[in-house]
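Chains here go by letter, A, B and C, matching the order in which they are written, and residues are numbered from 1 within each.
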Amino acid sequence: MSSGPRTYRLGEIVARLGGELIGDQDPEIRRIATLESAGPGDLSFVSNPKYLKHLTGTRASAVILARGQRGATRLPAIVCDDPYAYYARAAQLLNPEPQAAPGIHAQAVVEAGAEVASSAAVGPFCHVARGARIGERVVLGPGCAVGEEAQIGEDSRLGPSVTVYARSVVGKRAVIHAGAVIGADGFGIAPQGGRWIKIPQTGRVVIGDDVEVGANTTIDRGALDDTVIEDGVKLDNQIQIAHNVRVGAHTAIAAFAGIAGSARIGSHCAIGGAARIMGHIEIADGVTVTATSFVTKSIRSAGTYSSVLPAEPAQEWAKTVAQLRGLERLTGRVRELEGRPKPGKRKGKR
Amino acid sequence: MSSGPRTYRLGEIVARLGGELIGDQDPEIRRIATLESAGPGDLSFVSNPKYLKHLTGTRASAVILARGQRGATRLPAIVCDDPYAYYARAAQLLNPEPQAAPGIHAQAVVEAGAEVASSAAVGPFCHVARGARIGERVVLGPGCAVGEEAQIGEDSRLGPSVTVYARSVVGKRAVIHAGAVIGADGFGIAPQGGRWIKIPQTGRVVIGDDVEVGANTTIDRGALDDTVIEDGVKLDNQIQIAHNVRVGAHTAIAAFAGIAGSARIGSHCAIGGAARIMGHIEIADGVTVTATSFVTKSIRSAGTYSSVLPAEPAQEWAKTVAQLRGLERLTGRVRELEGRPKPGKRKGKR
Amino acid sequence: MSSGPRTYRLGEIVARLGGELIGDQDPEIRRIATLESAGPGDLSFVSNPKYLKHLTGTRASAVILARGQRGATRLPAIVCDDPYAYYARAAQLLNPEPQAAPGIHAQAVVEAGAEVASSAAVGPFCHVARGARIGERVVLGPGCAVGEEAQIGEDSRLGPSVTVYARSVVGKRAVIHAGAVIGADGFGIAPQGGRWIKIPQTGRVVIGDDVEVGANTTIDRGALDDTVIEDGVKLDNQIQIAHNVRVGAHTAIAAFAGIAGSARIGSHCAIGGAARIMGHIEIADGVTVTATSFVTKSIRSAGTYSSVLPAEPAQEWAKTVAQLRGLERLTGRVRELEGRPKPGKRKGKR
């Protein structure tokens, strides 16, 4: 690996990324930092008005602000439509991905019949099986396993110990973090006579372009047809995507979310952490599911869906649960008060 | 690896797997496919009557049907008791496990005093520690670690980067997917003076025959006695089995389920995805726990148990949560309406 | 690896660990065992009075008892303040960590510019990148990856296939189990024009001393500032710690718990299995969160917090959920009974 952080004059950043420069264009910017931790050479940003108060006293050399905040500081400022997105772009500029030296490490094993592009970097202890294809500028971290006839698209980067099972397809510019497992068998079992028969999982995983897969996330291969992750999907750590799921383009899914078999998630959805999606259902485009919620049936229209139970002091919560269990009885009591006793219910019982 | 899919005449499949053949026995079958995606050479199946409608228009060469559906198509058909189980068997026939070439890869490390059967295949970058025993026809994928005195039974197959810690025992015909960890320390800590003392975990993990373990699933070793997974258990991805748990034979557990320490799960249970089982409790044979439910006390009889909260539109859900928090007050109001004011409660307050 | 279990006379154990010895000091103790599974040579313990009944009939050679239980057996006994902590200490004495032979395995790759202490043991298939520092007596299991400029403090032990990304800092005496991933990118994405822009994650993970990290647990690096795990924290398996989280000293967190971005957990907390902590909130010192609960807002004072829903037979549970959904209507009916119809609500409707 080489390269690493670069520095830019503030004016150079604006020349590359746009926005309006207010004040001195000369400050040399070395990194991005929060208002509170910034020092000289740092570019900071205000993406939420509640942090405007930290502008006073920041030691940043410059600040990214929304248009409506243009007068909020005397520091050199970049004024733009969306300071958070601008911060992301500026951080990419200042922190280019390290370039790995191309080549196959002497302690990697590439089987005959695998194709590895000459600009790709295959790390030590990687195994690339027969028929696999590794695209241009792909980086495989140490200890990755790429199965037979699997494909990794150009400019994709795999962290250490990533497994891509046979025939899986990963698109271009993927970022896959350590320990992720792409294309393990789906959980296909058929009951017979009190035992389980394993159902061979003969579909694939097909991942589009510009997808990120978090550490230790698992995406299972399809039973018959494929499991599909469309372009631009972002997956956090420790997510489970079961067989034959389809995740629509540009959907983001947070850690621990689980998508059960054959569910179809729309495009531009946001699935919160530890949310669960039942199998064989469909979720429309543009749906938000809040963290920890469990979607048990199809959702036909965009919007936010939830079944969050917020924690309370345990003694209060215990009372709530007790009340919940008594709800049917309470309803009966209200019915009696209304003079409409339930058929067969003995009056006076509670 | 070699081999891969095979082809059979339809009549050959029936000769091997049973069932009643209706129509032409000659079609050559190359694979299984769903009714909708099938083409010539494909065998399809109807395991759920709601998919019977897809029979019209399928391009499959033949179909597996239940006895009651025998007249549902003019295509060649296999009629049987359980089309889903038949599909599983036929898929196994058509997709035999690839045979790995026996031997220890030149880039594997097998320590002195380990026993590796001559028919076993140890992949590159595997480490087999002193005293470990690898049975006949076992396949270790790339990058597996098998600890001291661990045992892997014959015909078992481990995916890439599987860890089997020291003294763990894996039975015959296991399938263990990438990233699974067998026999890491249980979470044993004792509080003393505001700090935690680590309790050495000296038990083992003992896994029976015909067990499947999903990708990135973890099964901890026992504190003193063993953690036990009985024969025929099927575990999906990213499951956590804590120390000293016992899972009964032929129980199936879906992804993300967590079984806390010393819980005992019966045989022939079905534990849904992301279900949680409290520690130190017992669950009877034949229990089904629905996905995401939390079992907090022992279950003494077979049946289905649940604490699922289905997601709703967030605004409606927020009202429900507010109502839930007001339940105790509502009960008080009903009590007052009934003329039974709670002692000490001031009348008229609500 | 060498060493393994040792044996001690009962009197030697008391000489080293304290406590009051009652009866024969000569029994040779080989291991710790539960009262029920113990045999000759075993030391057992009673940490919970409900197990006192098992004292009758145990075959243990000696027993650890609380002061109040001193007359409970005729077996040789160690009487102490806290039998569970004593058990932990005795188990450590009897089961010293195996000593790995120092040195870098011939099949490990240590890049130029990495520093590996001469007493450290680097296993086969490990990759130690440029600028990384591996402390005295550190043990790296097979297949670990330690990134550029990462640091592993003295006496730390990493299991197989652990990833420590670039610049991460691990303190002294850490125990990190197989498949854990330290320092992968946090889930930082900014929306722009219907797509997601990746935000470079330039902070680090900084882990204090005496921390344990369970198998397949993931701890993400900070976006700008660091993610911090303080001294003495104990993390179980398959936990997710998001970017910029801080976990206070001596807090213990059980399996599957998830801590969202920028949350701050106090010291001496106990977070139950599969509990979830919302991002950007603070939890005071000494807080207990029960298993599966979801903390959605800051907790300012010590105590126990919960949102546990215990599973019930599914038919009963279905009624409860139906009642829950009808709660708003029920409240309206009570309001009408009280003679206070809701504005705009038609009388008589239910």
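Here is the rule we use: contacts are C-beta pairs under 8 Å (C-beta built on N, C-alpha and C of every residue); 3 or more make two chains touch, one makes a residue touch a chain.
Computed from a predicted structure; not experimentally measured.
**Q** Which chains sit in contact with both members of the pair subunit B and subunit C?
**A** Where subunit B and subunit C share a partner, that partner set is A.
**Q** Between subunit C and subunit A, is it the same set of residue numbers doing the touching on each side, over half shared, or a different set?
**A** different
**Q** Could you give the separation in Å between the centres of subunit A and subunit C, each centre being the mean of its C-alpha atoms?
**A** Each chain's C-alpha centroid was found; their separation is 24 Å.
**Q** Give me the residue numbers in subunit A that touch at least two other chains, ranges are fine.
**A** In subunit A, residues 107, 125, 143, 161, 179, 216, 238, 256, 274, 308-310, 312, 324, 327, 330, 334, 337 touch at least two other chains, as defined above.
**Q** Using the touch rule from the top, collect the residues of subunit C that touch subunit B in their complex.
**A** Touching subunit B: residues 1, 5, 31-34, 37, 82, 84-85, 87-89, 91-92, 94-95, 105, 107, 123-125, 141-143, 159-161, 175, 177-179, 212, 214-216, 232, 234, 236-238, 250, 252, 254-256, 268, 273-274, 291-292, 308-314, 317-318, 321, 324-325, 327-328, 330-331, 334, 337-338 of subunit C.
**Q** In the complex, go through subunit A and note every residue touching subunit B.
**A** My answer: residues 107, 109, 125, 127, 129-130, 143, 145, 148, 161, 163, 165, 179, 181, 184-185, 187-192, 194-200, 202, 216, 218, 220, 224-225, 238, 240, 242, 256, 258, 260, 274, 276, 278, 288-290, 293-297, 303-310, 312, 319-320, 323-324, 326-327, 330, 333-334, 337.
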